[in-house]
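By letter and in written order, the chains are A, B and C; residue numbering begins at 1 in each of them.
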Amino acid sequence: MTHLVLEGLTRAYGGRPVVQGVSLSVERGSLLALLGPSGCGKTTTLRMVAGLEAPDAGRILVEGRDVTPLAPHRRRMGVVFQSYALFPHMTAAANVAFGLEMHGVPRGERVRRAAEALTLVGLADHAQKRPRQLSGGQQQRVALARALAIEPDVLLLDEPLSALDAKLREELRSEMRAIQQRVGATSVFVTHDQAEALAMADMVAVMDQGRIAQLGTPEDVFERPRTPFVATFVGRSARFAGQAEGGAVRAGGMAIHAAGLPATGAVEVFVRPHRIRVLADGDTAENALDGTIAAIDYTGEVAQLQVDTPVGRVPVDVATADGAWRARQPGQPIRLGWRATDTIWFAA
Amino acid sequence: MRPTLIATLTAALGLAAPLAPASADPARLLTYSGVFQDNYTDVVVKPFNAKGAAKVEYVGGDTSASMLGQLRTQKNDPQLDVVIMDATTAALACAEGLVEKITPAMMPVLDELDPQARSGGGECGPAVTFDHLVIVYDSRAVVPPPTSLRAMWDAKWRGRISVSAPPNIQGLALTAIMAHADSGNWRNADGAFRALKDLAPSVQTFDPQPDGYNLILNNTVTFATGWNARAQLYHDRSAGRVGVLLPSEGTVFQINTINVVKGAHNRDAALAFMAYALSPTAQKAFTERMYYGPTNSHAQIAPEAAARTAAAAENKARVIPLDWNEMIKLRDSWNQRWRREVISAATR
Amino acid sequence: MSRRQAGWLLCLPALALLTLAFLWPMAILARMSLNETSESGMLVETVSTATYVKLAEDAFTWQVTRDSLVLSAGCATSALLLAYPMALFLFRTRSRWRNLLAIAAIAPLLVSGTGRVIGWLAILGDGGMVNAALHAIGLPTQHLINNWTGVRIGLTESVMPYTVLALLAGFGRLDPRLEEAAATLGARPLRAFWRVTFPLTLPAVSAGWLLAFVLAISAFVTPHLMGGGRVFVLATEIYDAATQTLDWPAAAALSIYALVLLLVLMLAHGTLSRRAAA
């Protein structure tokens, strides 16, 4: 069931459009990620939903009710800020109880519910500490507990993990996802980190220059990008230009096969590294390319190869588990292959 | 403590003394700056220097108190040779041994001086100018011209009177005049204080800023206490608007004495200048220029100038024989009586 | 050279200046306060506490102390009340006029004391703008200058720019997101201000008040120029003793007394605010 709807949200700063007609809907209990590079309008969109900024045009509906004219304190939306914005003069428990107090919850119940919220995020032992006595990750969890304690209609998270180091970020990302699912909060999550968006969200809205470039499941967005921007921003790929001709793309003197190509016209082609195989002698593929290894980066689970081919430089991931990657050296010839259905193309 | 306070005190303590000149240079004369400097330079200093026997250089000072400050801090190595300042301050310099004792044997011109001029300086330098307390008034508002101090007690001038209260010596002088008129003895001031207490509610300020003459010209008050020479200057400059009253109750002299600094590097030039400053020529010239009363009885003052100073016989007759050195001893108690009996009766 | 030594070395110019410009004059002042003034007003070099005893025995000294403290505390409080909204507005506004407004707020610093008083006379005088306006609506003349009222107004105005600056400096770490967070948690704007912003500005408020108090209690120009000879405070008494009655020992003793008084008050303030912060 649709819970939150944005209709044509538009906002400009001093004549410069920042958000241009953003429309989307979020199902009850699901998590939507607003993904995009900095300056794409994702945070402004979130702030409009929270009521911290007024849209120039458009509406925000919660369960079909128009909340656009409401001030933020009347919206009942839990917000986790990028900087957490914890009240430095209050203990963790007081921070969490603040929203309950503002909503007129009696003292005893307030204390109980704040303690519950802190327990939910695993900070029951730190209730009496001030924010400056807590680590970054702990502060982040207090901020989450504070936003959840008021049992908000919608939970809004603005880059909540960006201030943390990589390891902690991954831990907290699954923890937050688990908490969000447990309380069933309809959530909107702003991030510029595509891995975070793909890992946590039920739906991803990729934003580009104030507009939604694509709205879909993480897999849709990754495997079936609808624009070159989405293909470029989400995940890595080999990327080259060519001409459609007789059911194939002519590029660098090669014919690249793809599904559903038009008869003629310029096209832009993308191939995800994880779809590309290294062909052994005698192996065949619908698309095969001979090339030379230009560079090898060991990253742990995979080694990332850069291969120079007639269509340009192509990234390939090679599993490291069998140790075979160690035999490869820059300058060696290599043969790559992928299926025609794995060729992503856009009419240029 | 605020810097201004320190600055004031250190300045008062004379830490900002001028740099030392080489000896055998012109004698350095320290006295008031402003119009006094302009006119005294014109009619006394320049003619003296033109005679060629010795030279004197004018050093503009601030108040008599700050001049005493300079003498005190330069006690062991005086940088000044002659000083003209208020007799009460000069008396302190004399008592503290900062200036020389002067006898008729070394300074024959002393025998030409008015007896008050001799006594005004005690054993040290004699009076070089007489000024006297006057009441200045707005001649446009006060018609016909007043003759008595009592004019100020008229209820119609409520809030229109400026009196410079002690420690300003105008306040002391006014008290002495009223005491003399009341009891025949300027030291016996009980009646004067009763009268001043009656005047108090009419007083707008006991500390006029910048001074009483200007408060009349900018319509803030109608009557103010003042000194004759300055009052005559404002009378001329305002085309007669500032009226000058020598009260029928009498007046007292404000005396400036001239002194040679003890240990002066240019003692001969200093003594020569002192003799010239006290001579009939210099006395006549300065009286006719600025309406300070002459202290040399041999000075032949033009009648129209004499009428505007204490030199005219009928004016001189009204001068109360007040001994400032005795007044200084009464000052503390009069100062307190002003605060307790007069100023506190005039809360605004 | 160790880092610590270098630190000390870097402090040397400031220490030298402090010694020259503050400690040395203070030493002279302390020495002067032990001299005496004779009945005839003469300065007598001696070492005695007679001047202090005379001041302590004079009820007027205590009256002036009380009046100075009440005046300064009152002016500091009103300056703070006026400066706080102004500083908060300046801190928050994104207007392009911000710098202009900030300059306007501290403009009184750029005008000399005398110039300011002449301006005040035109506004507050018996025939000034305020009274002209009062007369126009049929109200009687109010005496707003040459009395305590005038000094309170003038002193409040003269310390307010410093208060604005102290508050702005103290607001520096105030995160605008905190009030937004409070709003999203259901706090009305006024509630968010009182529960979140105001408590966080208390250290700035306390520092701003102390600064205003110190400036007010040591100000002598405004009480002198706007008091009409009716306002006696420690600073004007010191000024009069130093420049009018030439009683330097009394001026020096009063200065030392005022300094000690201020030090005690500042220590008390420091202790109180540390206790409040803990």
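Points to keep in mind about this one:
We take it that a residue touches a chain if its C-beta (ideal position, glycine included) is under 8 Å from a C-beta of that chain, and two chains touch if they have at least 3 such contacts.
These figures come from a predicted structure and were not determined experimentally.
Inter-chain contacts peak for the pair B-C, counting C-beta pairs in contact. The most distant chain from subunit C is A, comparing centres defined as mean Cα coordinates. With centres computed from Cα atoms alone, the innermost chain of the structure is C.
Taking each chain's centre as the average of its CA atoms, subunit B and subunit C sit 35 Å apart. Averaged C-alpha coordinates put the centre of subunit A at 56 Å from the centre of subunit C. Chain geometry summary: the mean Cα position of subunit A and that of subunit B are 88 Å apart. Those residues of subunit C that touch subunit B in the complex are listed here as 21-22, 25, 28-29, 32, 38-43, 60, 114, 117, 121, 125-127, 141, 143, 146-147, 214-215, 218-221, 224-230, 232, 235, 238-240, 242-246, 248, 251-252, 255, 258-259, 262. Against subunit A, in their complex, subunit C makes its touches with residues 175, 177-178, 180-189, 191-192, 195-196, 199-200. Per the touch definition, subunit B reaches subunit C in the complex via residues 1-2, 4-6, 8-10, 12-13, 15, 63, 65-66, 68, 72, 88-89, 91-92, 95-96, 159, 164-165, 167-168, 204-207, 209-210, 219-220, 325, 328-329, 331-332, 335-336, 339, 343, 346-348. Residue ranges of subunit A in contact with subunit C, taken from their complex: 50-52, 71-73, 75-79, 81, 83, 85-89, 98-99, 102-103, 146-147, 150.
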